[in-house]
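What follows is a single structure, and I will ask about it in a moment.
Labels run A, B and C following the written order; every chain starts at residue 1.
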Amino acid sequence: MSARRDWRGVLFVAPYLTVFVVMLVVPLAMGMWLSTTKSDLFGTERWVGLANFVRLFGDAIFLQTVGNTFTFVLLTGPFLTLAGLGLALVLNRPERWAAVLRTIFFASTVLSVTVVTLVWRLVFLPDGGLLGVTAEALGGTPIAFLNNEKLAMPAIAVTTIWWCIGLPMVLFLAALQQVPRDLYEAAALDNASRWTTLTRITLPAIRRTFFLVIIIEVILQFQLFGQAQLMTLGGPNNATRPIVLFIYEAGWRQWELGYAAAAAQVLFAMILVAAMLQYRLSSRRAA
Amino acid sequence: MRALWLLPLALLGSCASPAPDKTRLVIQRFFGACEAEYGRATDIAKAEGECGIVTTMINRFQAENPDVDVVENVVFWPGYDQLTAQLAANDAPDLVTMHGSVISDYQARGLLEPLDADLAAIGAPPASFTTAARTAVTVDGRAWGLPIDTWAPLWHINMNLFRKAGLVRGGKPVLPRSPEELYAQAQQFRERTGKPYLVQGAANEYAGFTRNFYTFVMQQNGTLFRNGRATFATPEGRNALQLFKTIYDRDFTTKNQDYSAAVAGFLKGDGGVFLVGTWMVGTFDAESRKTSGALANGGYTVMPYPKLFAREATFADGHVWVMPRSNHRRPGERAAAIRFLKFFAGHAKHWARTGHLPAFQAIIDSPEWRALPHRDNLAILATTAQPLPKQVRRQFPIETIVGTEAASAISGAKPIDRTLSDMERRVNEVLENL
Amino acid sequence: MTRSRLAVALVVLAAVLMLVPLLWVLALSLKANGELMVDTASVFNGRFTLENYRNLFGNGAVFRWIGNSLIVSLGMTVGVLILASLAGYGFARLEFRGRDALFVIVLLGLAVPEQAVIIARHQMFSWLGMHNTYQALILPGLSAPFGVFLMTQYFRAIPKDIDEAALLDGASRFTIFWKLLLPLTIPAQATLGIFTFLSAWNDYWWPLISATNKDMFTLTVGIASTQMNFAQTEGLGFLMAQAVFAGAPMLIVYLFFQKYIVQAVAGAAGR
């Protein structure tokens, strides 16, 4: 295998890298500097070093948001990945009915978060909401999901899963399409069972995508914001307040931009660690 | 394909710019958009609702001032994220609607223009405002905007149910004069109607809790803030929370309803008294003119919060037109903005039909205003409606903290004393880091 | 490859559950606001109306918002597809100094939450006086590493013999990229296209603080601005009509692209 060392390869990645540096790296660095200051959106008052971070780790509310965010990622990440895979496996066929079903599962993703949360609030409402009415019809008592400290987060997780199932499904569909047909033909010739085909051929072939989806889902769900803000305002009693809501409130409502920036850096670090762990795991499996 | 990417750049070049001869006036407001109904309307007297009235006012101003190019920017309530971003980008509008409680934040950063001289020039000096409105716009002895209105939480009463509960005397609702009387009347109400006394939007909403807390501490002559710090852990604070906790514990209120469900609930007759603000007066009054429904046949009236403790007081806030500071506002544009303020002040009586309290004392005193449905009952608010002192900054995030904590105490999730100290601690953390 | 009936049945059941809230949104959009304010269950009484959609089109600004959203979303999609494909090929196939390190740095970019960069981006565009422009709305989205990650994975999965054969024939790297490999990544392009378009279409915070003049409002910001109160009490039906209206173009885009994602099994070209 001859691989040419060719500096001209840089030309292919240069356009993207330019935008990457200007729009991501530079603002990130600016944000890091901001986290060491006391500022608001109109100016910087003074440099405070690591004081914001010290304050963060003593802030009971912030620590609770970290826990909440972790819980949420654990509730949604694995389910979205596995369910997305399952749907893609079942619906990866050219028939019309499969196309209709695929569209149904994707349709929820096109809605904006405002509408999704509005509808699901109506679902969870104990007094006349969909679940409440169903419970009463079946002879039970409606549960106030969004007001219950223990059930509010799972309720938001269910809403999120309903909303986001489209992305993993489509990613897996595209990956399944790339599996070479001859592999399947060979397996059919060997009279391999469905299960063997699935576990020995399909799954290994989409292994890369599997880890991509998990990483993407973890990264996305760490950034939970809209659903918590609109469905529970972070309550009850901070039970559903995620980190991003904390950042938003500190920066835009309390005008403590430095503090918010520090929290954003902590979030970045958390996502980075989570993503790197997964990448490590995936390369080990791939090796 | 690459050409497609250049398309946005080309479009930028073709963006329309305003006619250079006309003076441009950018008015930014919330209150929603109602283009379909009021897009071209200019008859202010016929308009209904916050959106309708303000839209027709702006349309009429535009029609009467053809030399000004009025740009109306409607933003999602409350619009502060956008305004802050615009100020940071030095691209702020000429006039913007702002809550009185937020003025001190922007004023302290030098982001607003003082308007004393202008207000005097257009014949709307602070002396002509109501006490509440004047407090709302005054910081350090200067006026920082033209008040639009004052709004306060009210007791919206279902008279049909009150009558059934035997709580109507001489055509007027019987209201409690102390917490004990409230519990007794609520008990009676439940026995005779089978419904809870209060309707509250308690889910996914915290402002209501804050307003109740502030109001009843104020009624006890308690101090909420001293020397720029919160003082909630007081006997008055305790009583205020205990009042609502008792109401909750004894099922004298609806539970788990969010704002929309509570509105719908009150309209369906879920309870006797709905605790919500001035903005619903019009809606409920319209319902009471129908012949069917829970509020039918005049079964609605509205009163200020009853005096349950030492004095009559209600927490209030209000809307104000403010002028953000801008480096590149031309004198002509500024003059146009003042012209609009004069126009608005001249038509201020129409805004009263939204249910909010007028900002001008003259309008409160006018028979025309008093003749509007139920306004007679609310006139006293001109003196008893009380905003928080202007020294208290970050009132919006504080409202969220106070409300969330109060909600925990009232539902029993946290004991009252711990709630009060948590509330105080968290609010002081915000105030210490101004 | 056959699938078990049970799996299909489960999927159909799940689809029905998925569908219920969607149908509800549609039903709510066809109800009068006044009725819904009193009782949201009135959606079952069968009295439907098109007044919400009529009011929607009565607001001329809606078309401006859609135009803005289309320009921004299309611009960003085309931009991302171009940049990510080029970079993906570069990272997957070409050797140059620092390639692996650069790729890792790009991957690290995946972990950066929007909150960590949005304020700084706002400041940068403020300094340049570039707010309320299409560029300001499009450029930040072009930096998302997801596209590069995806395309690199796809290019890596293509067997190298294709490249080798073409190289032996004397083809340039660019020709290999443009004529041979790119067509093989069409499912990935379609996927990336859909999701870039979607994230641009539904983006709220960045357009909110950057496109603050009403002429530059995107659809999400514009729709939010019409709400009369923060609790959406008074205009529930109208809001749902707006939601259906805002979601429809996305659904059309999806329907158009999804046939590129799942190509016919029978008679497809083997890879």
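Rule of thumb we're sticking to: a residue touches a chain if its C-beta (ideal position, glycine included) is under 8 Å from a C-beta of that chain, and two chains touch if they have at least 3 such contacts.
Given the structure is predicted, the values throughout are model-derived calculations rather than measurements.
A.B. asks: Linking chains that touch, what shape results: line, ring, star, complete or other?
C.D. replies: complete
A.B. asks: Comparing centres built from CA atoms, which chain ends up most distant from subunit C?
C.D. replies: B
A.B. asks: Applying the contact rule given earlier, which two chains have the most C-beta pairs between them?
C.D. replies: Result of the pairwise contact count: A-C comes out on top.
A.B. asks: So how far apart, in whole Å, are subunit B and subunit C when each is placed at the average of its C-alpha atoms?
C.D. replies: 37
A.B. asks: Please report how many Å separate the Cα centroid of subunit A from that of subunit C, as a whole number.
C.D. replies: 15
A.B. asks: Give the residues of subunit B touching no fewer than two other chains, as numbers and ranges.
C.D. replies: Residues 81, 85, 88, 205, 258, 264 of subunit B touch two or more partner chains.
A.B. asks: What are the residues of subunit C that contact at least two other chains?
C.D. replies: Answer for subunit C, listing residues that touch two or more other chains: 39-40, 82, 123, 224, 232, 236.
A.B. asks: Where in subunit A do residues touch at least two different other chains?
C.D. replies: 41, 128
A.B. asks: Which residues of subunit B touch subunit C once you look at their complex with the stated criterion?
C.D. replies: Counting only subunit B, the residues touching subunit C are 1-2, 4-5, 7-9, 11-12, 15-16, 31-37, 39, 49-51, 71-78, 81-82, 85-86, 88-91, 201, 205, 258-260, 263-264, 267-268, 279, 293.
A.B. asks: Which subunit A residues qualify as touching subunit C in the complex?
C.D. replies: Residue list for subunit A touching subunit C: 1, 3-13, 15-17, 19-20, 22-28, 30-31, 34, 41, 86-87, 89-94, 98-99, 101-115, 118-120, 122-123, 128, 130, 133, 162, 165, 167, 170-171, 173-174, 177-178, 180-182, 184, 194, 197, 202, 208-209, 212, 215-216, 219, 222-223, 226, 244, 247-248, 251, 257, 260-261, 264-265, 267-268, 271-272, 274-275, 279.
A.B. asks: In the complex, go through subunit C and note every residue touching subunit A.
C.D. replies: 1-4, 7-8, 11-12, 14-15, 18-22, 24-25, 39-41, 82-84, 86-87, 89-91, 93-97, 99, 102, 106-121, 123-124, 139-140, 142-143, 145-146, 148-150, 153-154, 156-157, 160, 164, 173, 177, 187-188, 190-191, 194-195, 198, 201-202, 204, 220, 223-224, 232, 236, 239-240, 243, 246-247, 250-251, 254-255, 258, 261-266, 268, 270-271
A.B. asks: Contact residues on subunit C for subunit B in the complex?
C.D. replies: 37-40, 54-56, 58-61, 71-72, 74-75, 78-79, 82, 122-123, 125-126, 131-135, 138, 208-210, 212-215, 221, 224-233, 235-236
A.B. asks: Could you list, by residue number, the parts of subunit A that touch subunit B in their complex?
C.D. replies: 38, 40-42, 61, 121, 125-128, 144, 146-147, 149, 231-238, 249, 252-256, 259
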